[in-house]
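These notes open a run of structures that come right after.
Next come two complexes, and both contain chain A; in the first it sits with chain B, in the second with chain C.
Showing the complex of A and B:
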């Protein structure tokens, strides 16, 4: 049957919609081969018998199969592209190596271009009001509170806030600080958020 | 200086500024801190919270954190010491003092704006300004006059001055003679929360735990405790009638005043209740029999009384309060039931405020958990939402062990006649190395132990308890006679005088002046001096 392989490919991709699969080189090569054969057969039939109208139906069926293959392949690539776009927002501009392996070379090139575009856009934001850009990937959802309550898990020393205040971080002292200031320290394990 | 308008002169001043919150290690302070934290969170007031244990720690914490800080709120610390003198702050730093330790230092009271005391207690008889402060400038004036008149005038002035100094001395002595506790700070904090319309369930719960702590730890006379909670009663009642969006709520109910009986067994709770057990005389041979007799009178089989309360017969659980009241009456024991605050939670047994008092005390004076971490757990234990928090769970378990240790130490002391008579007071030394001795290092548990021993011997004499902190130093704590009725403590001033007379290097670091630490080697010398002083 025509176009069987491509349906298999789409079904495979459909199975896990949230994650990205390895780029299926092998199957795509087979599909392209199939398309190549279909095209050649059509060419032969069309050239050989221009009067024999009985062959026209065959040519038309083959042609629609060909077009279907093309459509499905494009759909496959497009859905992957959308997923790669979200990768940029989730992981940032540098992909972890295991994710990197899942992309084909072309896809990776697209990713790098998208990444550069996004970065230059974010840099340009807010320049007219004196900011040097906003990191859009930082808060994908609006934060619930601007401040958060943290407790120090280690003696860290002084922390200077962006408004010039200095906070002394000693073990077992509690602080109520702007969330943006202490997020990195929370990640480092110096502070612990209290929910 | 006193703050007159809690909202405008205290809370609104803090709005939009960074605040340094220094909190003492005690139950009332932690509850107050919980309420204030809730308020600060709502208004995005960024704060730094540092727990402090004594004057030295207070000074240290202030010095470490005073950069860029203009407002300092002190909870249950700093009221009894001259803050400006000790902390040496910059001119524009303002201290708000919310301290239930009394008497308040007169320099704080008459400070012109740098130290502001948040709540004015009417019980305090603060001497008038003119009686204790006086300009010395007149001394230098008019030395130009000559002759007899000038001399006479100078003598007259000097005589007048001496009389004034004497008067001042008497006034100050009367004022600082007793150390005692004022209205719980959490009740004041609750008032602030009410004024800014944020008196929610969490604040009410923290307030009720603090009110329960003053009853359980006998910091205030019983009648005063009742008056302090008057506002709290009203708030709880009005909160009951308004539908709330959360499922937890605070209720006021008649409850048995037995520590932790909901998570313990009835027999254990009766045997460890500081209010009841000394009167049962459990330290004597007949004590155990008396407890069994009490249970028999109540109609509780031993098997039921010994198993966990929550798996006891439902009928028995229901009849607990009336039968307990009836049979304690028969045995001439103090009334074991009273109105108590309970936190009702969905799908969980209610949590009593006085249980949490012991839990918090056990956390901040834990055998193995360091104080700082215990403080964090204690704040966690006060969380009213979302089931039993981790802190409360650890705390309740620890409280059982600590009460067990207190009961054992009290029985040992009383049974082995280790309560020594020393002239006007009695004293005992907590045995080292016994099981659970690790619990008896903090002032809270030793205080409970001392009151227990005092009650076990009739309570007519003051009792001193001594426990070793480190191999070389020990902690000395005094309990006045009839401490449950009249908790004003004379030992603070007495310790200070005995220390100067005997020349013993005593550390007066504790904020409660009736608790001191001194070198163990000099203990006998100090006690001799104290005996001579009080005789």
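Showing the complex of A and C:
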């Protein structure tokens, strides 16, 4: 059956909606190959249709299959881009290695471009009044309290707060820190909030 | 922009205007969160508020750390910052989602000088679309057979659902809002009283939201 592989690809992507799967290079290559074959067959038949009108239907069906493949492939890439975007908001501009592995090289390139674009937008905010930009990836949740109690999940090293104090973040140490300054670390999993 | 920065100079009036700015920003934020499509930007207000924040932060830093006033003010500031960030982020989300549609409309709007996006947002949209196009082309489209290579942007575009229903509150009395009746072909006219609340389709009142006559709740 035509376009069967592309449906498999989409189904596979749909199964894990919240997480991102490894980029399915092999399947995409197969689909593109199928498209080339279909296209070649169509070219041959289309040249022959002038004599034999009965081939016309076949050509039409193959053409629909080609369009379907194209559309589904674009949808696959687009939905992955959506997921990659959320990665940028969650992890910042540097991805942890295990997440990085799930993206193809091209996707990683797109991620970097997206990230640069976002960063330059954020830098431009409030530039007219002498601001050096705002990090929109902070303040993701409404602030409930100024400080929060956190425990370190990993050895992070020194963290300098905006008032100049330096805190040493060691594994399993507990701290009472300004919420605004440790939110990014919480999302990266370095700190854990104690509720 | 000039108006605002003029008023902010004098000390006595500063409190009042900062308050007004914050209120406007809150309304803008609320509208932006609830409206299905992107609304005209409020960059002046955002910049004015950022200036205020900077000013406040400097004042707070003069206070000793243990001062109660400092932490109350800090809390308030972080709330305002959240509003600004969330407002801008909501706009970005809409821009990314409806990028093709917004870009097409925005090009026309720029010609008439009624642009909805700030310059920075416009650049961001351009760059975003270019990146997306580049990525799709590179990964699959360029490897497709001849007649499949083209990327039909308009076919890919996602459009906001303007027919969705929203809650709104009238800020002033408005007469003669025309509600189209798609089924029976009979248009209906309604009047909105000041302060009254309604559930209506977004499309007929879109302009009223943009000029501030109604606000979404």
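In this section, the second predicted complex is superposed on the first by the 142 of 195 C-alpha atoms of A that agree within 3 Å, B and C clash if a C-alpha of one lies under 4 Å from a C-alpha of the other, contacts with A are read in each partner's own complex, and residues count from 1 in each chain.
Basically, contacts are C-beta pairs under 8 Å (C-beta built on N, C-alpha and C of every residue); 3 or more make two chains touch, one makes a residue touch a chain.
Small disclaimer: the values here were computed from a predicted structure and weren't measured.
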item	value
Chain B versus chain C as contact partner of A:86, first or second or both or neither	neither
Touched partner set for A:173, first chain B, second chain C, both or neither	first
Which superposed partner A:193 touches (first chain B, second chain C, both, neither)	neither
Partner chain in contact with A:32 - chain B first, chain C second, else both or neither	second
Residue contacts with chain A in the superposition, chain B compared against chain C	C
Touched partner set for A:146, first chain B, second chain C, both or neither	both
A:184 touches, of chain B and chain C: first, second, both or neither?	neither
Partner chain(s) touched by A:134 [first = chain B, second = chain C, both, neither]	second
First, second, both or neither for A:164, with chain B first and chain C second	first
Contacts of A:60 with chain B and chain C, given as first, second, both or neither	neither
Shared chain A surface residues [contacts with chain B and with chain C]	145-146
For the chain C and chain A complex, residues of the former touching the latter	46-47, 50-51, 54, 65, 71, 74-75, 78-79, 81-82, 84-86, 88-89, 92, 96, 120-121, 123-124, 127-128, 131-132, 134-136, 138-141, 143-148, 156
Chain A residues within the chain C interface of the complex	28, 32, 35-36, 38-40, 66-67, 70, 73-74, 77-78, 81, 85, 104, 106-107, 109-110, 113-114, 117-118, 121, 124-126, 128-129, 131, 134, 136, 138-139, 142-143, 145-146, 163, 179-180
Contact footprint of chain B on chain A as seen in their complex	145-147, 149, 151, 158, 164-168, 170-178
Of all residues in chain B, those that touch chain A in their complex	18, 37, 40-41, 44-51, 64-65, 67-68, 370, 372-373, 375-376, 379
